[in-house]
């Protein structure tokens, strides 16, 4: 039996989605002529501004394309479901947003994305467009702390994109934008948990199996297995386990400031997310950590997967400044 | 000894596409266990695009290099993902390896396999034993070269390549992954065949049938 | 077997959710002391301003409490899951936001809500707080057009609240605010479709059954059965059926202007919503209707139910003005 | 003829709460078919709150009216929903009907049922035949009055009330709903018992056992 989806044809789902996005957000984004998988901000390019190109597989909406807009990403290269975009749309995005000050690629650390974005960067170099890359590696479940460069990028993308987009929007130098992107990534820690699988539009079959009372800690945002599988726990126990692991890495001190993201992987509703957040807030308060801002909702999803992730973004003055910088995107506004 | 003309290569891409399409759901299921469940989709899309693109070339004007370069480009743009750059690079290197030839002779087929394996390795930086498609492609290319070097005919060499690919894919079950999505799984990847190695067996087997005169 | 949820105790889910909401949105909302189910905007009350109180059962987040904030609702009375709040929190909300110019109750037309809000209004009258009520009745699937007063209020709440909140924020008179609320409701048409049930946190059992390849047209936002059940259709067919029914009532002419809401009932992801929207946009364009603004996402949910609804809000100059009026709420920003 | 004191009424609320709690999942399932699947939860919450509130009263100071008013308020605030105002109004009217009494005699129990049915009807504006709890409460109150008028003793009258409630609830299966959530269903509500009528049977039956000697 196939899973139920409101689609027309699995093979056309991504392109039809993009038509719907363009129809809904004409003031924020456009598709490049001849390159429909290149979604570019209305206001881009801006001369002298570092261009920020994000991208990755589809199925994580509002990540990545929802973060295209003023003050955040200038363009997004859109891949098939859970598949990196090929180099072409990435190249077109970079050309379209190049303001002469360099183009920054920021995306999640996955083999496929790295190969495709690197191929794009090589080809852009031949056109004298300077590209630098900052990979997001916030998923603390995906490799030990001393191998941070091997970690996946998951919901914490949100904070890295936000900081980087702000830096670019403020016309900081290429070096500064890159430095801030790396710092934002270093300051971001995420872990997720999955309760039920999603299914790809092309197969409409659950992409993994979980026992009726099981959950998977550390689940990736494409249904890749996480770190441990065990019986379903309470919201408080899940929040505690995640916060404990994040604290173990972030090593917070009293008086620290953080921003929080409690993210649904798809079908976990706001009620459950806010219950998680109530525990997160309590843990932060108990540790003497100040919460500067909190986002709760669907920010980095895996289609209709059930589950959630918690991200802490440790702030210093600069990162807080970037976080508070206003942005106005297709699917996200802040500041 | 017969040579392989562009029509045979076009037919080869059609054969791979057909076999991969038939294999799609198994490959997705394998990828579901240790990855993101889309490998069959990516491969099906990629080879369907390659098949259509090479079928659309003017057979009179196209040489083998054009065939492979066209396949590379269309595969890449249809897929992205990991498979896209890996197979696209494999085909670009295949195209370079047979540059200037109008038809392929036995030795060219050996070179082609070697170039494809090398291309995948250059692009993905995977070593043997890291539980990737390389663990099917490297032994296949190696076995093919060894067999040809030992005087085996093309059909025999291709059969040796296919056997080696199968054994290599089987061996990925006992590996911990060093590259790709499953590299974050550690021991949990043990016991499961790498989907990219599994699809490599299907690709190589279809190539064997198409190229073994 | 129980459904999986990230909760601690079904009986405490609503109160724990509220703690999480207050922790996440301290700049927007507060709970009234002694009345934790009364969520009030930070800026309220404002002297001379009509107070807008919304409310209803929990489980529809971000509806209702997410729309509390500057420029929209002044307060929300929060009920148990899918259950109207009792009169007490409603009364406290009304008292807290009363600026001396009257208090408007706007909420969905359900027997339970009507009884509880009416009881509250009666008791407030004894305290000389004048209350008027505007029920939302946008669900065209729930009664024939000549019995509009019997219809349910569903996702179209969003537009009614938005217009009313803007009218109140602009310090219009009680009469004007009420008139605009009624007009906004009269101009709003919604229909939904469900693909899979949700489950209540207290029972963790699916609240209805649907065959493996069935969908229900006209499903209410509490899992109440809709109008017809049939085999799952394509996104285009679903959008067409809904748009046809809405057009049948709205009787649009070329040159009309609308705002659009494509809403997830919970677990239907953005990809599917945008695919629906691509068809909606095409139908509107074909009919010569101008789309002034579109919202796509989780706006009025039924916990983790799978499905979606489409709402058209027909604009005239006044309603467009109200729609464009800025608002800044706990879970929603616009303008 | 024994009279019913406040302790008996307190015990009655405990009995109702226990029976409704045992019935919770059936009531949710009935509500799931034609409503929103929460009726069992609302009733359980409401009667648990009423039970606790009346148990917390000072038995020396509380008269029946206080008991019923306390039950009304606590039920309402715990529940909201449709059941909240309906049962809260029923209990407030019950309290008014026995105003000034220290203990209840047979005629008071008859008045109590009548007042409860009337309260539900005044609050919800439902007529008989609209597929609501009224279709259990009205015949129950009616049967009780008839039996008492015909000289039947309290136990007999209560039994008549419970029987009439059961028959009334059964009859809701053949009704199209005129009030409440299921009123939007038209013919699709046919064949299904109204959950509020079903729970009314449970409440009335628990009251019968508690009040009949």
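Which chain is which? They are A, B, C and D, in the order written, and residues in each are numbered from 1.
Here is the rule we go by: a residue touches a chain if its C-beta (ideal position, glycine included) is under 8 Å from a C-beta of that chain, and two chains touch if they have at least 3 such contacts.
Note that this is a predicted model, so its numbers are computed, not measured.
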Contact clusters after notional removal of subunit A: B | C, D
item	value
Third chains touching both subunit D and subunit B	none
Where subunit A and subunit B are represented by their mean Cα positions, the distance between them in whole Å	32
Centroid distance [mean C-alpha coordinates] between subunit D and subunit A, Å	54
For subunit C, residues that touch 2 or more chains besides their own	81
Multi-chain contact sites of subunit B, meaning residues that touch two or more partners	none
Chain-level touch network, classified as line, ring, star, complete or other	line
Footprint of subunit B on subunit A - complex, ascending	11, 57, 79-88, 110-112, 115-116, 119, 141-143, 150-152, 200, 202-203, 205, 207-208, 220, 222-225
Contact set on subunit A toward subunit C in their complex	1-2, 4-8, 13-14, 16-21, 23-25, 58-59, 61-62, 66, 81, 193, 195-196, 201, 212-213, 215, 232, 234-236, 238, 260, 262, 266-282, 291, 294-298, 301, 303-304, 306-308, 331, 333
Residues of subunit B that touch subunit A when the two form their complex	25, 28, 32-38, 40-42, 45, 76-86, 123-124, 179-185, 188
